[in-house]
């Protein structure tokens, strides 16, 4: 029983972090139909910013993540406004290629700038754990989980309640109509991408605190973003959260009751089964799969 | 179709001949290209042959992807699963069951096609990005499964095809032999692409791409057509995977099911021009050649430069090179900036 | 109209292929003859991709070797001094590219090859080396499986994979008091790590330990919590990780999070690297690790002096303390230098024979090869992280410090 509870706790905590990695990816895909293959590299870039802040001025990573968010927001905004906006009307998957090229550039850039050393952001408290009965809850992961959930909820609130958020939703539903209503689509797209990059950056700092990172880790985060976003479903802000928690739990339980090397296969199996049974993902909305853009 | 000759008064016969010539011309040119490649072999060193073989391999892979992703519009992100299934089937067949390579090659294609049919029937009901991610899940899942069956596949340690000694069932082809094998596969894939483009099957696929519901309303059995395209694409990819496994001798799951291979295939097709026959061919040759060239001459920065070139190419030619040339010739608008303006937000 | 586009495109493609081919067949100059004044050696390195970190360290090792050898005028081949000229190519951490590079070097007449990093890449290269009649000095491919295929032209200067965990087990058996009873192996599932685990388990059984069932996890994972949770209930005295850096750090971190406290940890590959101590801080204290080389290794040679001299050279040239990846790379290059001198020629067959008969001390330890091409004559060192530094604790003749046992506070 202890093992089950321990695995469940760990799975939820890991899942929350995965959700934060994927929420920006899901937002961008749902609103703009852009598949951002560079999401993993944003995560790692955020981790490096957090690491640098910690090295230079000793900034605690849970504060440093706001710096990372700001830096990544600017980067994301600029990339979308002046680069990705150029091909948004192109054939499907062209944005995918563009972001693939960007991913190559960013990952190699990090390789050159930071070298391929493995790094981690050291804190005095992250590896401590609270003991609840016979189950241990690591502090660092708990904080990361709490923040991930909080940020997702804040994002939902911002998108649903503020004017900016509504303009993002509106542009996502029908770009032509939104423009007719006076919404500056180019700016809104850039804003969305910037927000998504910022979220990825924050996730990166947290990942850097609970584990290690180096440029080549970017690819696995992009892959995870795909799985989590699609499993949860697009078009719904909670999709990434649901997807992340499910994947985290599946992997934790799988690791506990099956030989440890099957965890990844299990995650993909769950994804495929869910897609066959519910093609739009667990909580996704069907409309978003078949949009036509003006 | 603008030829400058005025309406002929010479009669129907010469018009017929001209029309026949026009239709046979692509095949003639294809044959010419094949001959050029054969002649080229004599000019290359052994190691260069291996590099060019990789180019041919990607031509075949890109053409195969084009069948399902370009013509039918169902972009499969997990195409590499057929590559891996074909490769591993051959490796296992030769090492464990002592089949000869040629028998394994054919069987690998068939097994890959059957696998494609098996996963195609449920997955081809999904649309757009969901289909893409589902196939990606299948590819990644297959890699994990192969890694977890070490008794059969060697798992993470890889599997070696015996090429020397008593266990070797077929003599190793060597760089010369593999050059010809991959050239043959590339030629077959272009041939299949060309045939599909020009017959009813290809038109059905294109109809499905443009408007699936309308196509169904016209009486096209969309499920059958899609699964057939997927299986055909899987067959060719499986053959390529089998040849690759034999060439590499030792294969690992991370490499045979590497998502990078799928992404490369897609880039080649899209940059060349998806939905055409020439597009994937040009895209594969250009990209692979470029990446080799950069890697050899810019050892430290080659990936960085390649990323930059891809970004620029995608921005300037979002519809792919072949489609751009066609549209430009039709509208007489060659300006790249005008092209960008057309596709930007 | 479509046919004209097709025509133009096909002709361009065909002619460019022919031109690309034609141009290069002309340059058939062999650059590896002593007459041209330099000895060309080909090195395929993982400069980008997942193995970029280790690839960079390997490159540094090769560069230092070239500098030191050339500073003495070069290698003495049959009376003439010939300088080394190592050519580098990036294999992007992929085995098929590494193998292709060997073929490409062969085209240029370069027959002496320094291996890529890692067992997978080296295995792919060894097959091509054998076919082409080249010779390879293996600096970083330790998996015993590479050498069980009957290859005769690849020589590994590093100790085989089965020694990685076995040496830690032997060190614990020799030096740990009170002697622990149970050992469990946590292993990544790639080929190299599995061979390490097999070797380690066998040695542990021979030394009289009770070996619990090993737990495997995917290679390069950062989450080993399931494996740790599974072994927690069995209260092992020693946890040995057959891992690389990412999993190695994860084991230590998550063991603390989950409250798994054996008497001590031992891991392969990760603890000797500076990244390990830097990332873990105080948690890295007293973790044991095995290393192909430390600066306390015994032995000297004419190009590099002792291990301490080597450490000074690396620090001076690259600004960091040496890693064993530097040392094994330099040792491979050194093996070539010594073999060509011994053979008096750079002809691949003669160099090959000279390598197989090599038996010499060096800054890296003993360099001698058994009939399969592996260096079973050099023991691995076991280090322990003490005050953030990796200090050698075993074997006794190289020990710089006493082993602290138990390593954790229980």
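Note that the chains take the letters A, B and C in the order they are written out, and that residue 1 is the start of every chain.
By our rule, a contact is a pair of C-beta atoms (placed from the backbone, for glycine too) under 8 Å apart; a residue touches a chain by one contact, two chains touch by 3 or more.
Note that the structure is predicted; figures quoted are calculated from it, not measured.
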Counting C-beta pairs in contact, does B-C beat A-C or the other way around?
B-C
Centre-to-centre on C-alpha atoms, which chain is most distant from chain A?
C
Using mean CA coordinates as chain centres, what's the chain A-chain B distance in Å?
32
Measure off the straight-line distance from the CA centroid of chain A to the CA centroid of chain C, and report it in whole Å.
35
Please set out, as single numbers or ranges, the residues of chain B touching at least two other chains.
144, 147, 303
Note: chain A residues in touch with at least two other chains are 108, 259, 261, 264
Where chain C touches two or more other chains, by residue:
48, 189, 218
Can you list the chain A residues touching chain B in their complex?
29, 35, 37, 83, 85-94, 96-98, 100-105, 107-109, 112, 185-186, 189, 219, 223, 226-227, 230, 234, 259, 261-262, 264-265, 268-269, 271-272, 275-276, 279-281, 289-290
Give the list of chain A residues in touch with chain C in this complex.
3, 6-7, 10, 14, 108, 111, 115-120, 122, 127, 129, 131, 136, 138, 140-141, 210-212, 214-217, 220, 251-252, 254-256, 259-261, 263-264
Of all residues in chain B, which touch chain C in the complex?
1-3, 22, 25-26, 29-30, 32-33, 36-37, 39-40, 43-48, 50-52, 54, 144, 147, 154-158, 160, 163-165, 172, 174-175, 244, 248-250, 252, 255, 278, 281-282, 285, 289, 295-296, 299-300, 302-303, 322, 325-326, 329
Considering the complex alone, what residue numbers of chain C touch chain A?
48-50, 52-53, 55-56, 189, 215-218, 220, 222-227, 229-230, 233, 245-246, 249-250, 253-254, 256-259, 275, 278-281, 283
Provide the residue numbers of chain B that touch chain A in the complex, in ascending order.
73, 75, 122-123, 125-130, 133-134, 136-138, 140-141, 144-145, 147-148, 259, 263, 266-267, 270-271, 274, 301, 303-304, 306-311, 314-315, 318-320, 340, 342-345
